[in-house]
Structure formats: C-alpha cells, structure tokens
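Below you'll find a set of structures to go through.
Consider the two complexes below, in which chain A is the common component and chain B and chain C are the respective partners.
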Partner chain A sequence: MKKNRMNIIKRLIGISIIPLGTLWIMLAFCSVRGVILFESEGNYIAFFRAAAAVMLTTFALSINLNSGRFDFSIGSISLLSSVVSATVCMKLGLPVGVMLILSLILGAVLGAVSGIIYVFIQLPPIIVSLGVALLFEGAAFAFTKGYGVSFVTNIELISFPGILNYSLVILIGLVAIIFLFEYTQFGYEYKTLLSGQKVAVNIGIKEKTNAILCYIISGGLMGVVGFITATNTGNIQIALNFGSIGVMFTAFLPMFIGGFIGRFCNEKIGYLLGAVTTAFISLTYARLNVSSSVQQIVTAIILVIFLIYLNNENKLKQLFMFDRKVYADKEQK
Partner chain B sequence: MKKVLALALCLMMVGTLASGCGKETTENKGNADNIGITEAPTQEGEVTPDVTEGAKKVEIDTSKTIKIGVLVSDATTPEALAFRSYYTDYIQKQYNVEFVYSDELKDAAGEKSAIDTLVTNNCKAIISFSSFDRPAQIEQCAGAKVYYAVATGTLTQEQYDKYKDNEYYVGAIGPSLEDEYQTGYDMAKRYIDLGNTNYAIFGGAIPYFTDMHIYRAAGMLTAMVEAGGADANYLGATTKEAIVQQIYADSGIQTGNIGSLSIVAYVGGYDMNDAWFAQCAQMAQTKDLQVILAVGNGSDFFGAAIKGADVKIASVDAYASSYGDAMNAGMLDYLAGKFSASIGPVFAAVYSTVNGYPIRTDEGYALALSQGYWIAASSDEFQKYYAVDSSKESPAYTKSALDILVGSDYKTFSDFVSKYSFDEVVQLSK
Partner chain C sequence: MKKIDVQKQILKIAPVVALLILFAVFYMVGTIKDINVAYGMKAIINQSVVVAIVATGAVFIYTLGSFDISLGASVAVSALLGGIVYNATKSILLMLAVCVGIAVLVALFNSVLASVFNLPVFVTTIAMLSILNAVVLMLISANGTGSQIAVPSEAVAGLDNLGIKVLVLFLFEALCIFVFNFTKIGRKQKFLGSNPVCAKLTGISDKKMSIVAFVMSGIGVGLGAFLCIIYAPTLTKNTATSVGMDVIIAIVFGGMPVSGGARSKITAALIGAFSMTFLSQIMILFNLNLGIGQMVKAAIFLFVVFVATSNQRAKMLPR
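For the complex of A and B:
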C-alpha cells in the first residue's frame, strides 16, 4: 500500500516536474524584469495556440519517427493543405469550421500521397520525404502563383483564435490520438511493428498498410496545424527550397520531453506536456521581447542539456544511488 | 606565285584585324559623341516620349536572342513576384531576350553558385536582386566577362567608387538609402501631422542589418525627434547620422518616449515562430497604440490582430491585390510601394550594354541612379496605381518608353529615371 502510494507520488512528480519547473523559472525571469507572464487575454491565446500547434506537430512527427521514418514533408503538408482550404473557403464564402475540416481532410490526403510514394518507391524515408516536401511546396507556389493567400480582411476566417477553440483542439486531438493508438487494431499493429517488424509481419500484420495509415494520420494533424497557423494572421506565405522544413524542428524539444514524461504516463500526454513546456518558453520570449538570436541559443542549450541528461541518465542514477548507499552505510555504522 | 598569295592573305588578315579593332572602339565608347550615333529615328505619327530635347541614340542590332540571368533572394513576396512578372510576362515578349532566374538564394555562397550556373547557361549579363555580397558578385561576373547590374538597390559609396570604372559593372538603379530614409520620414510625418502620439514600429529585417530597413526606421525616428519638442531625442541621438548609428549598434529599436511622442512597442525580424507571432499580436494590442509604422509588410502580419481596434497600419512594399483589399477594409492606411516596372530602366541599360552600347556617365562610370516609391494614402489612390502596375499589356514602362533608353546617352537616361512619380511615368508611356 505504502509502495503503491510512493509510486503514485513518484509518477506525479515525474509528470509535472518539467512543465511546472519550467513555468516557475519563466515566472521568475518575468518577475525579475517586472513583467507579468499572463497579463492579458492575448497572452493566454498565444499560449494555447502554441501549445495546440506544437502538440499536434509533435504527434505528427513522432508517429513516423518512432517507426524510424524521418518525415521532412510535414511542414509542406501543413502549407499546401491550408493554402487550398483557405482559398476554397474564401472563394465560396465558407465558415471557419469548414476550413478546419477541409484542412484536416486535405492534410490526410496529402499524407496518404506521401505514404504511398514512400511505400511504392521504397527509398529511405528521408530522401522520399525531402522530395515530397519540394513537390508540395512547389504545388502551393503554383496554386497561388507564388502570392500565397491573404484573407486578413475575411473576418469569418480569422475569427478562430480564442482560448476555448484552442483548448478544444488540444482536447479533441489528444483524445483522438490516444484512442487511435491505444484502442484500435491499427494501434495494436503499430505497437507490434515497433517492437519487432519481422515478427509482426510474420504473424500477418501488413506493415505497408500500417505505414500509409501513419502518414494519413500525420498528414491530417499537420492539416490542422496549417489551419491554426493560417487563421492566426489571416495570411499564408509560400515557402520554397525546403523553407517549410522548419516546422518539424519545433517538435523536437517537446518530443524529447514527452519521451521522458512518457515513462510516468501515456506517451501522448507526455507530448502534450512537452508542448505546454515549450509554449511557456515561447510566451516568455514574447513577453520579454527576447531577440531571435538569443531565442535560438537558449532553445539549443535547453535541448542539448536535456539530451546530455537523457544520454547519461544511468550514470547519474548510479552516482546518485552510490551516494545514497554510502550515506545509508554510514547511518548503519 | 606562292609568295604573292601568302602576301595577299597576310594583307587581308591585317585589314580584317584593323577593321575589327576599329569597330570595337566605336562600339565600346557608346556616348553621344561617338561615330555611328544617330538621332533617334522619328516616324510620322509615332509617339516618341522623348524626355530630353535633342536626345541622341543609336540604332542597335537586336536580331540575336540574349540570355540575361536574374539573381533573386526572394521569390515569393508580392514585390518579387510583380518584378518577375514584368520581366517574364512583358519584357520577354517585347524584346529578343530570355530571362533565366536563379533559385531563391539564401547566402553569398548561393549567389556564387548561381552565377556559375548562369554563366554556364550562356547568360551575357546578370541583373541582381540579391545583396548578400555584391562586391563578390561584381568581381565574379567581371572575371567571367559577363555584365552585371543591380536592380532596386544601390551600392554603398565605397563599393561604387571601387567598381564604377569596371567595364562589366553596368550600374544600379533603385531607391538609394537617402530615398529609403525619406520614405520612412514621410510616413511618420504624415501621422505626426494628424496628431497621433503613440507608435509601434515593425522593424522587418533590421536585426539582420538590412540597410534599407534601417534607413527607413531612421527616417521615422528622425521625424519623431523633429516633432517631439525641444529636448526630443532617440536614446540621446538627434541627427539622422546618429540615429542610423544607434540602430546599427542595437540591431533594433528601443521603446520609450521621444519628447512628446512615444514608441510603445517594437518587433523586428521574420522568425515566424510561436514567440514571434505572440510578439506581433502583443504589439498590435498594446494599450493606447495609434499607429503601426512598418518598414516592410505590415498589414499581413498585424491586420488580423488590430481588428476592432482604432489602429492604423502604414507599410512599405509593392502594389499587390491583397494590399488593395486591406486598404479597402481599413486595415492598411498607407502604402509606399515600388512599382513593378521600376526595373525596366535597369533592363534597358543592360540590354543596351550587351548589344555593344553601354550607357555610362560623362566620365565613363557605371550608372548610379535613384528611383523612389509611389505613395498611396487612400484606397482610390491604391486602385489607380494598381491598375497600371498590374497591367501585362500596358505596364508603367512600356516598350516604347524603354526604347528611348536603349542606346541612349547618359543625360537622356538619367532624366528618364528621375521622373518616376505616377503621373510622370504615365505621361512618359503615353
């Protein structure tokens, strides 16, 4: 009973230490500069938007990356799906909800294209995804003749940003992903393939179908990310020559954090908390007007420190356990 | 017999060489006093928008298709697309030229590689919209014996002094830094005169030390210092030079009071990440903010954030339809925009040079001509400019207007370029 309670406490600490610790540090930085981190509704909206977009991007990246498929095309999927959905909704005068659904569907379709190309060409996923990224960037350029899409004057389509809407996106996204990966046959097969592809294939799991489904889900999520980004400013700028790749890098830190938190709870909840952690950091950058060069340095340092910790965790544990053992021996004497 | 034949052949060769040398001399001088230069032919009934009385020009052989390389560091903004459209959709159809565009360049190494590709592709000249390392571009082009010109920009005085007598450097035509400064100054002055006191500045590429953005911002700050009262200053700076220096030192703009006026918020860069979007929204929603002065595109980044607030946005960019919509909806209040055909004269200079008639100053130096913006302060003005600027059949500088420049003398050329206001340009093209 006591052991059980200790386990729960340990898990709670493991789940919350990084996001709460980060929040505490960010609040401390802000108070030193005389700034309130969450001062206005706009600050909350910025926080929830960042958490929603980063969480979905992290899901999208991790679905394929956990299976060894590095997917550089997710940014271009978000770009092309939002470009097409925004253009259609502007031309037909459709409401913002339709744009969200359209973005999701288009993202899934583009993800399917990406997955089918990967499965049929059978080249390393890095190469295939780079090619697909160029293809989708070029398609977005051609579709808009390079001008991108500006719907800044369309009040309906820029009405989405809000705490409630972003919270719903987070909630629905999290529940849907947990359901898909924990409670469906696809999810079981996905996990089986992760634990040993050869055995999984030998027992009848179709790895190609599973891979395409992963790309479809990843694409759908990136469609929603594209929607969130586009409706934030009412403007979509075209990226060329791998300009869309940057989106995926926003997901690395939360993915590593999520991987750590995932030891204490569902990994997907870990990704959400990783996204929340990075959203605290992003908001602090904004509130303190931190220059982009400093932002990049700080983010890189956090990432490196975290990776150093993860790679040397056992050594640290050994050191810590050794100290405790020595201390216990001293106490006994 | 053999000796006579050999002597005759030698004489023929010498004669040929001599005539070749003679031709080279006359072609390369290319000013109005040269042999072979004729008055501009005027046919009865033909409209000849001659800007200089007594202007002289040469007739050149344009039978060969000339490949011209174009270096671009931006391929997706409205300004870049409008420029490209003017060259590929209009100029290429009117003249015997083929434009070969580079990819979107990211750095000086990319420029070097792109020039190599264009030279290999048999381009006789390169027009550059990319400014990572202009001296290296000029030297590389000169080394490859390919002509080089700068579009919509200028060299620094130091760079110009170094390369002005390089025969392969055709010159630069575009807003000078003085023009950029004045553009920012006029923009801020307009809102100061309207009684606004609280400003936010969007610094665009100031953190990356982009000269034109720094000078536009310096113009804005100088206007505020001048209007802010007796002791008004920007971090102690009161002159244009000192303010420019301060912006370079900070690679940004500090918020605070400038006498009776206030800079209540500032955002720079184009990070496009969550923190940057949050900064933009935060800036647009700053309490008591009245005007956002943007050194670049303002309405696309701040338009949605100011909805419902009485905040005006002023931008510097180009005449794109999205800005027309923003102006019509009241999200954009003021636009200083480059017109797409403003890159026509630099093409004419390159075209003339490649065909053997370089247009140089009276001292034989490369061109260094300034050309500013069209200012739209209302939706009606914007639509008037946009109609001309976006036309693919009859743009601001038509072929008949540019024909004045091809093979012309320096005075004709510089007079033409200096008349860049909307009314003057429309008049020239009529």
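For the complex of A and C:
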C-alpha cells in the first residue's frame, strides 16, 4: 500500500515537474522584469493557441518519427490544406467550422497521397518526404499564383481564436489520438510494427496499410494546424524551396519532453504537457519582447541541454550520487 | 554476364544517364527557343558549384548514415563572417580563411557535441540550424545595413569567373576522392555506414570517423561560402537558405543511398547538383509557373531516384 502510494507520488512528480517547473521559472523571469505572464485574455488565447498547434504538430511528427520515418512534408501539408480550404470558404462564403473540417479532410487526403507515394515507390521516407514537400509547396504556389491567401477582412473566418475553441481542439485531438493508438486494432498493429518490424510483417500485419493510415492521421492533424495558423492572422504566405519545413522544428522540444513525461503516464499526454511547456516559454518570449533570434537560440540550447540530460541520465545520476546504490557498488569494487 | 548483373550495371549508371539526358534536353530546348545556350551553361555552373562543393563534403557525413540539416545555415554564417572580415581587413585570403575556419569550427562543434554527449546527430544539427539562423539575423542587424552585408563587388569581380570556380570544385573533388577512395578513412567510413556494430568490434572509432567526416564537410561548406560571396557579394538573410535541402537532394539524385554505407560515392554529389540545376533551368526555359516548375522537379526527382534504386527493394518498407 505504502509502496503504491510512493509510486503514485513519484509518477505525479514525474508528470508535473517539467511543465510546473517551467511555469515557475517563466513567472520568475516575468516578475523580475515587472511583467505579468497572464495579464489579459489575449495572453490566454495566445497560450492556448500555441499549446494546441504545437501539440497537434508534435503528434503528427511523432507518429511517423517514432516508426523511423522522418517526414519533412508535414509543413507543406499544413500549408496546402489551409490554402485550399480558406480559398474555398472565402469564395463560397462558408462558415469557419466548415473551414476546420475541410482543412482536416484535405490534410488527411494529402497525408494519404504522401503515404501512398512512400508505400508505392519504397524509397527511404526522408527522400520521399522531401519530394512530397516540394510537390505540395509547388501546388500551393500554383493554386494562389504565388500571392498566398488573405482573409483578414472576413470576420467569419477569423472568428475562431478563443480559449474555448482552442481548448476543444486540444481535448478532441488528444482523446482521438489516444483512442486511435491505444484502443483500436490499428493502434495495436502500429505498436507491434514499432517494436519489431520484421516479426510484425512475418506474422501477417499489413505494414503498408498501417503506414498509409499513419500518414493520413498525421496529415489530418497538420490540416488542423494549418487552420489554426491561418485563422489566427487571416493570412497565409506561400513558401517554395522547402520554406515550409520550419513548422516541424517547433515539435522537437515538446516531443522529447513528452517522451520523458511518457515514462510516468501515457506518451500522448506527455506530448500535450510538452506542448504546454513550450507554450509557457513562447508566451514569456512574447511578454518580454524577446527578439526572434534570441528565442531561436534559447530554444535550441534548451533542446540540446534536455537531450544531453536524457542521453546521459545514468552517468549524471552516478556523478551526482543520486543513484546511491550504483555509486556504493562502484565504491566497493 | 547474368541478367541481374546487367541490370545492376544499368542502374549504376542511371544518374549519369539522367544527367546527360537533362543536358541534351536543355541544349535542345535552348536551341529551339533561340536562347544563348553557352550563357545558360555558365549560369548552370555558377548555380551548381556551391551545392556541388557543399554536397561533396557532406558525402562523408552521409556515408556514416548520418545527415546534417544545418549545412545551408552554416554556409550563410561563414559567408557573413567572411564578408565582415573582408570589409574590416580588405584581405581576400583572410576572408577565405575565415569562411573555411568558421565552417570547420561549426562542423567540429556539431560532431563533438554528438560524440561526447551521445546525442543523435540529426538532433544536434537541427538545434544548430536554429542557432545559425538566429546568428545570421544578428550578424546582419549588427554589422550591416540592417538587411544585408555587402562586400564591394569590384573587390571580388576578378575572382568571379568560371575558371576559378571550376578549379576550386576540381581541387576539392580530387581531395575528397583521394581521401574517400584511396585512404583508410574512406574504407572505415563505408564500413561504419554499412555495419556500425561490426565496424566498432574491429576497432574502428566511430567518434574519430564522425569528427573527420564533419571536418571534411566543414571544408566544403567554407569553400561554398567563399564562392557564395564571389557570386553574390551582397549577403542577406536569404543567402544559401535552400542549400541544406539541395545538398540532400543532390546526393540522392546522384545515386547515393541516403543510408550511406558501401554504396556511397563522392561523385554522386557532383552529378546530383548539376542534374538538379539543369532541371531547374529547363523549367525556366519552358516558362512554367514557379509552383508548377517545382512540382515537375519534385516528380522527376522521385522518378529518377525510384529508378536508380529499383534493385534495393526489400519485403519491408524502408525506414
């Protein structure tokens, strides 16, 4: 009983230490500068928007990356799906809810195209995703003749930003992903392929179908990310020559943080908490008017330090004698 | 000769054949459209040479099965610092030394970080990409006019000729071919890329080889940065932005597997870089919309790589 209670406490600490620790540090930074982190409704909206977009991007990236498939095309899927859905909704005068659903469906379709190309030509995913990124960027450029899409004056389409809406996106996204990966045959097969590709294929799991489904889910998520980004500013700028790739880099830090938190709870909840952690950091940058260059450097340094910790955890434990048993054994020897 | 051997030989030369076909198409379309083909060729060499040099150095990293996504940003930072040093000293030699020195330092930092702290190389290079992109913005805002750093064009005009560029490319290519094909370094790297466990068990140090690979890549990046300044002496935040991705495409287009190993070859980078530029120029000749041009380029890229690697299909999907 006592051991169980200790385990629960240990897990709770493991789950909350990074987001709460980060929040505490960010609040401290803000108070030193005389700024309140969450001062207005706009700050809350920015926080929830960042958490929603980063969480979905992290899911989209990790679905394939955890399976050894590096996907450079997720940014271009987000771009093309939002360009098409925004244009269609503007021309037909459709409401913002339809734009969300359309973005999701288009993202899923583009993800399916990406997955089918990968399965059909059987090249390493890194190469396929580079080709697909070029393809979708080119399509977005051709679709808008290079001008991008602007709907800043369309009150209906820019009415989405709000705490409730972003919270719903986070909740539905999280529940859907946990359901798909934990409670369906697809999810079981995904995990089997993850832990042993050869054995899984030999026992009859349809790897190609599973891979295409992964790309479809990843694409659908990126469609929603494109929608969130587009409806925030009312502007979609076109990218060529891999300009869309930057989107995926926002997901690395939350993915690794989520991986760490995932030791104490469901990995997907870990990704959400990773996204929340980065949203705290992003909001602090905005509140303190930190320049984008400094933001990039600080985020990269946090990523590297965190990875150094993750990859050298045992050595560090021994070094600082946290792992007293190992240390004592070494001393004895 | 067995049928399968013939097929292998054909696939081996597929990238070269693709390059020749692209050259022929460029020549024919250029002639039909009454365009100065010689001038077009000059433009192609100018555009290809930076990617070819950077990609040639990067082959050492790719051979180990790693990849460096920060190469483009590294070219930009090296070029900017080279430009700043030139403006301060008026010395071309010093500019070259700074370009190569900074690029090698960045590469060494990447490899040492990955080796000492056991980090996955791709993650360290992603972090480095962010840092270098930020450094580019900082350098430009601190030392330039706010949007650019310009080296006087008359200072580098004497160097902006094809002879010098081709010479630099040829010398670096020769150095890399020598190191890769005629020294232990190349053999060890191919071994590590093919079977890292077995290679380590035979006493090959993956850390040392990783450092050597990054240093060779750094030299390529530095030379690429130097040629960037010569070709376009006004350096902005957009300088060399697409080089990082172009390098991956060039290497794969040239017929080298992205997983590295024994099938790696230095010349792949050269062939791939020129093929990609020919393709881009052909799209321009057809007056295609930029977006459609990029789509066609992507489709041809995937098709050529698909054909060139058609003997490498396995029962399972590649990862």
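General observations
What we mean here is this: the second predicted complex is superposed on the first by the 318 of 333 C-alpha atoms of A that agree within 3 Å, B and C clash if a C-alpha of one lies under 4 Å from a C-alpha of the other, contacts with A are read in each partner's own complex, and residues count from 1 in each chain.
By definition in this document, a residue touches a chain if its C-beta (ideal position, glycine included) is under 8 Å from a C-beta of that chain, and two chains touch if they have at least 3 such contacts.
None of these values were measured; they are calculated from a predicted model.
With chain A as the common reference for superposition, the partners chain B and chain C occupy clashing space. By the touch criterion stated above, A:292 is placed in contact with chain B and with chain C alike. Using the contact criterion defined above for the overlaid structures, shared-chain residue A:31 touches neither chain B nor chain C, since it reaches no partner.
Look at A:282: by the touch rule set out above, it reaches chain B but stays clear of chain C.
Shared-chain residue A:211: touches chain C; no touch with chain B.
Of the two partner chains placed by the overlay, chain B and chain C both lie in contact with A:146. In the superposition on chain A, A:43 makes contact with chain B only, while chain C stays out of contact range.
Within the superposed three-chain model, A:300 lies in touch with chain C and out of touch with chain B [touch as defined at top]. With both structures placed on the common chain, the touch criterion links A:311 to chain C but leaves chain B unconnected.
In the overlay built on the shared chain, the residue A:118 is in contact with chain C alone; chain B does not reach it. Only one of the stretches 130-138, 274-282, 292-300 or 400-408 belonging to chain B has C-alpha atoms clashing with chain C in the superposition, and it is 130-138. Shared interface residues of chain A, touching chain B in one complex and chain C in the other, are 141, 145-146, 240-241, 292-293, 295. Those residues of chain A whose C-beta lies close enough to touch chain C in the complex are 67-70, 117-119, 121-128, 130-132, 134-135, 137-143, 145-146, 197-198, 201, 207-208, 211, 240-242, 245, 249, 252, 292-297, 299-301, 303-304, 307-308, 311-312.
Residues of chain B touching chain A in their complex: 75-78, 81, 84, 103-104, 106, 207, 251-252, 266-269, 271-282, 285, 299-301, 303-305, 307, 320, 322, 325-326, 328-329, 331.
By the touch criterion stated above, chain A contacts chain B in their complex at residues 40, 42-43, 45-46, 49-50, 53-54, 141, 145-148, 150, 152-153, 155, 158, 161, 232-235, 237-241, 243, 246, 250, 278-279, 282-283, 285-287, 289-293, 295. Put simply, chain C touches chain A in their complex at residues 67, 113, 117-120, 122-124, 126-131, 133-135, 137-138, 241-242, 245, 248-249, 252, 257-259, 289-299, 301-302, 305-306, 309, 313-319.
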